[in-house]
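In what follows, structures are represented as structure tokens.
Shared between the two complexes below is chain A, which has chain B as its partner in the first and chain C in the second.
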Partner chain A sequence: MDNLYIEATDRSPAVSFEFSKGHLQLSGESYPEDANGFYKPIFEALDSYLDDLGSGECRFDFELIYFNSSSAKAIMTMMDKLEEAAASGAAVNVHWRYDVEDDNMKELGEELGEDLEEASFHLEELDDDG
Partner chain B sequence: MADDDLFDAELAIIEAAEERLDQPFANDADAATFGDLLKNYRKLFRQSRRLVRISDRNEAELASMAESQRRAAEEISHKNAALETLSNKLSKYLSPQVYASIFSGQQEVNLNSRRKKLTVFFMDIADFTETTDRLESEELTSLLNHYLSEMSEVALSYGATIDKYVGDSIMIFFGDPESRGVKEDALECVKMALAMQTRLAELARVWRDRGIERPLTSRIGIHTGFCTVGNFGSAERMDYTAIGGTVNAASRLETCAVPGSILISYETYAHVKDDMRCEEAGEVTVKGVAYPIVTYRVLGVAEGATDGNATVKVNLPNLQISADTARMSDEEREDAARILQETLTRLRHSEAPAKKAV
Partner chain C sequence: MQANELHGLRTFMRGHGVIFAYSGYVNEQVLSGVGEAVKQKLVLEEADRKTMRSVFAVFVEQMQNIIRYSAEKIGDHDETQEGRELRYGVLTIGQEDGAGYTVHAGNLIEKSDIRRLRERLSDLKEMSHDELRAAYKAQLKAGPDEFSKGAGIGFIEIARRASEPLDFDFSEVDDNHVFFALRARV
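Let's turn to the complex of A and B:
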């Protein structure tokens, strides 16, 4: 399937879903005016990809600086989808990458990671070079 | 309130459901469905609690940013106020027009100059040292500052650029940084000179009370011509001023002026002759100027000129009149007529001291 790329804006994150490589990434800030409108095509692409993943491998990197409540719900939904895929046999690795000085983002990662039982969760500090 | 206190009701539901799950169900399918429901409820509960925390954190972060912004704005406001106070203080060292042109960005603060036709004015107090030598230093300072302040006020009301004060002398010019045209600049300059003399005469009464027995009498010289005007000095310390033969000539005319008179050059006279009554006052030679300067003494505003006959201004060494007949009340008119009539009578019956001696 076609890869999905969305450039970052002041209010929305960059999306880089390289399905061919099994490497998906969401990075930047997320407080879009229309969270449903922004995340809907992302969910659809992710669903379509995960449906066909079977026992394949998938890596998802979250590199977020700031997100609002609606985006948090969207992130949790994506985590659920990844967890379901892992439960169905896929090798899913979720990397939660946070700025070393951002304690809030680290804490959020820790909490979100607690919900993942089947997918592997990795909490990583971002260095200055990203 | 701890986070979980807000979710007591949900936690109680989960606890009750867990207890129920330990009890037997009618069949395995019901037990499995109940188990799934509980699992999803737990997940939903965790998500709700997380969302509340995220929302609270974001709000706290925004509030902290707003506070930082408020503090920054407050600091900027304080700094602006301090800068304004400082610039107000500094502005006292500059002519208002120069200050305004620099602060509005019209004039660059660098060492450059240009040739411009200006009307340059010099004024000093005749015999200032002799007149004031009996004054204490503090009194002299006070008198000098009062005199300079009053003259500057008149100058600024005519749109003059005050170049500098040197002791009791003042250098002023018209034509830069603002100009109303060479003719208007010259005319305003001469009008200003007359207004200064009038003001000086009014102040004589005030100063007499302070121990200045002899009234201060000014000498004024005015010349119109090309000057080099701009910033001179060094990049670290510069003065906005005008230089050139025109400036020297105006200064020379001032020293040649009879105390109480305004001596102007022909170049200035040519611009003001329709509006001012003047009389020829001979020629003056100026060092560095090849030809003698023809001079004129200003006697007052020409009849029918500018003020529509309503004002009379006379400024002679021993006669100063400043009357605005249009503004006079009937009573003032009668008083003015009486005073002038008395003066006329005295004038007709008096003789000049020299003539008397003969």
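Let's turn to the complex of A and C:
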């Protein structure tokens, strides 16, 4: 299927879903005016990719600087979809990459990743490059 | 308003450490624009990144509470840009003694909502940081409908970003309304 790229805006994250490489990434800030509207096409693309993944490999990088409470729900939904694919046999690695200076983002990663059992969850500090 | 009155208002606010003040009708574009200026101010002050993001996070949730819940509104909840609903609220960001920041927001609410808000916010005031983390997660899982349009999670987000328990208060306005104010220190 076609890769999905969405450029970041002031209020929405960059999306880089390279399905052909099994490498998906969400990065930047997320507090869109309409979180449901923003994430709907992203969920649809993710669903159709994961449906066909079978026992394939997938790596998902979350590299977020800030997200509001409405976006947190969307992130949890993506985690659920990834866990489901892993439970169905895919090799799924989820990386939560956070700014070392912001332990709130580490805590949020711990909370959102703690339900992953079949998928592997990795908390990683990002280098201090501002 | 005369220049001296406006200057008096400015002096009053500066005297209270206010570095940003918005009073008026708000929409998402106001949030975006004021938000960019707030970010820039925090960068110029060389606030650490955790503080910067926490102040910003509290600002976003407080502004969105006004946009979604203020009882003082005009226009329709309609999708076209021009006829779109606007809601009135007040938000200030203050800086105390060069140290922490305070985000203080207020808007009118119906009297019938006082009890629900008071209960919810009193519960949050009593929670430890770990309890707030657990409540945040539980609210995410519960879905947005369990506490009116997701306001629950917004308050939890504010409480967990704050460095001390939230302050809130209600001030009588008329037979049906009170002014609700919520203050978070970061």
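Please note the rule applied: the second predicted complex is superposed on the first by the 127 of 130 C-alpha atoms of A that agree within 3 Å, B and C clash if a C-alpha of one lies under 4 Å from a C-alpha of the other, contacts with A are read in each partner's own complex, and residues count from 1 in each chain.
The rule we apply is simple: contacts are C-beta pairs under 8 Å (C-beta built on N, C-alpha and C of every residue); 3 or more make two chains touch, one makes a residue touch a chain.
These figures come from a predicted structure and were not determined experimentally.
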Which of chain B and chain C A:Ser69 touches, first, second, both or neither: both
Partner chain in contact with A:Arg11 - chain B first, chain C second, else both or neither: second
Touched partner set for A:Ser88, first chain B, second chain C, both or neither: neither
Touching partner for A:Asp103 - first (chain B), second (chain C), both, neither: second
Per-residue touch tally on chain A - higher for chain B or for chain C: C
Which of chain B and chain C A:Glu33 touches, first, second, both or neither: second
Touching partner for A:Glu111 - first (chain B), second (chain C), both, neither: both
Contacts on chain A seen with chain B and repeated with chain C across the two complexes: 66, 68-69, 72-73, 76, 104, 111, 114
Complex contact set, residues of chain C against chain A: 28, 32, 36, 48-50, 53-54, 56-57, 60-61, 64, 133, 136-137, 140-141, 143-144, 150, 153-154, 156-157, 160-161
Contacting residues of chain A [partner chain B, same complex]: 66-69, 72-73, 76, 104, 108, 111-112, 114-115
Residues on chain A engaged by chain C in the complex (per definition of touch): 10-11, 31, 33, 65-66, 68-70, 72-73, 76, 99, 101-105, 107, 111, 114
For the chain B and chain A complex, residues of the former touching the latter: 43, 46-47, 50-51, 54-55, 57-58, 61
